[in-house]
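Next come two complexes built around chain A: one with chain B, the other with chain C.
Here is the complex of A and B:
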């Protein structure tokens, strides 16, 4: 059985996918993950998760290019420049 | 009477030789994950040996490398259990399980030592050994009903008793669930230790006094 391992590098930081281990059960998986992703003091903590427990979501279509969903759909820089000019507070640059 | 340095050397020699023996599985363990785990355990044991040798060396006025590599094979105080050359996996896990169980009892006593340095080091080692025990126990649980594993535990049992001084053996018997029998005592070495010694010290002997 495959277990996915997520690693936290420092206290408080987010867990990131580190890799996987193959093990017959969760006890073995934890022990293997401990040695494989922790023996060099590179981890603060690990999450060990059976691969089956992970449900992937994919297929993100954007057929109609709805850029307004995206942060960069609103280029602010240009608007800001225009607004500043109107207000007479345009910066030299 | 056993002095502190004698006791430290017994444990250090056990850890060095076992670390060496366990590392014989590197590259050929039953699975890749086990290979990494068992090799890491082997390195930990050698690290413990180094720390113990350093402590003993201060008392004896020498250094850790000299204690680890410059003694004659006959001077090593290791238990016959750890000297046996790479066995099959059932025997390897049986030895690992028996040794870790014995080591836990030994470290518990050491942690209570009047010598603060010895007690401190024992506590540090015990924190790492906790994972060795976890690893040993999960394998023992998985293999305990296999006849090959049970036979291996019985075969190595008198050797395991020899890891501990007589007064701690009843506790080991209780933890393992077997009756106390005549132990294979320290002080007798097999030819396998000499072979290992030849291999282990060859680089150091090739250029005496070299510094690295």
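Here is the complex of A and C:
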């Protein structure tokens, strides 16, 4: 069985994928992951997950260019310049 | 995607995941290259293992044991990558012990003294880390990712080796002779380590961006980084032609490519003995695997 291992480097940080181990069962998988990804105190905690339990999702399309739900949909610089001019608060930069 | 489009993709810095489509030739080259790396990590522990029981102090014994564990761990990580590309670990091990697949030239030689332990951990690991750092940019992302952990661990191995060498150089005349004798004996294999100076655009491993640098580039980087460190200790290198030219390029005597070919095709002084050792252990411990697998089933 293949188990995927996720590693938390510091308390409070996100678990990130570290690699995988091959083991006959979860007990061995945990022991192997412990040796492979934590024996130098480089990890705070590990998640050991059977590969079959992971479902990948991809293909994210943006045909409609929905910039309204992202920061790049709001280029304010030009509008701000006009607004400042209108209000008489434009500064020389 | 066509093979041509894939080639353009990797050549412009694109990275590939296990589940992505890839040309058969790319997959075959990856398996061959990565498997050879896994074999080398596994065979590389054998020369060092010989010195665990003969280490001069408890501290050195612990450090050497830890290094051996690291290298075996690297081979496990690397064989996992090969396995996900379609070749099972059992098959990799079978091909290794039957002599069908290869491992790095430097692991086919004997270790004669404690000086060898220092020189291997310092200079052989230095040569290896230059190749491995270049693999951080490998077009096959799962391999590039595990290389981060491997390079991190190799960085202390080099320090351990340098510490062994410095301790001996600060010791007695006899100890200094052991280091010098080891450097002299290992120089040839070290110069062969990065392979013949094939132009990188003709090297299929570079063309597919499995490697990110050419062989000669790696050797020049090794010479530039380590020859000054060897010289500053009062050690000499057995090559009267070795010098850095004004243009920054190191000049050296042609390495013995026939020896390299002879050694990696299974004719090194220790090749058969070490493969026999692997074969014996694989057979001797087969019962452990069958018990564990039966219990898990």
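Observations, loosely collected:
Criterion: the second predicted complex is superposed on the first by the 90 of 93 C-alpha atoms of A that agree within 3 Å, B and C clash if a C-alpha of one lies under 4 Å from a C-alpha of the other, contacts with A are read in each partner's own complex, and residues count from 1 in each chain.
Simple rule for what comes next: a residue touches a chain if its C-beta (ideal position, glycine included) is under 8 Å from a C-beta of that chain, and two chains touch if they have at least 3 such contacts.
These figures come from a predicted structure and were not determined experimentally.
After alignment on the shared chain A, the placement of chain B and chain C results in a clash. With both structures placed on the common chain, the touch criterion links A:52 to neither chain B nor chain C.
Residue contacts after overlaying the shared chain place A:24 against chain B and chain C alike. Contacts of A:34 after superposition: chain B is touched, whereas chain C is not reached.
When the shared chain is aligned, no partner comes close enough to touch A:85: not chain B, not chain C.
Touching of chain A by both chain B and chain C, each in its own complex, is seen for residues 21-22, 24, 28, 32, 35-36. Across the complex, chain C meets chain A through its residues 19, 69, 73, 76-77, 80, 83-84, 89, 145-146, 149, 292-293, 295-296.
Residues 21-24, 27-28, 31-32, 34-36, 39 of chain A are the ones touching chain B in the complex.
Taken in their complex, chain A has these residues touching chain C: 1-2, 18-22, 24-25, 28, 32, 35-37, 56.
Residues of chain B that touch chain A in their complex: 31-34, 36-37, 40-41, 43, 131, 134-135, 138, 142.
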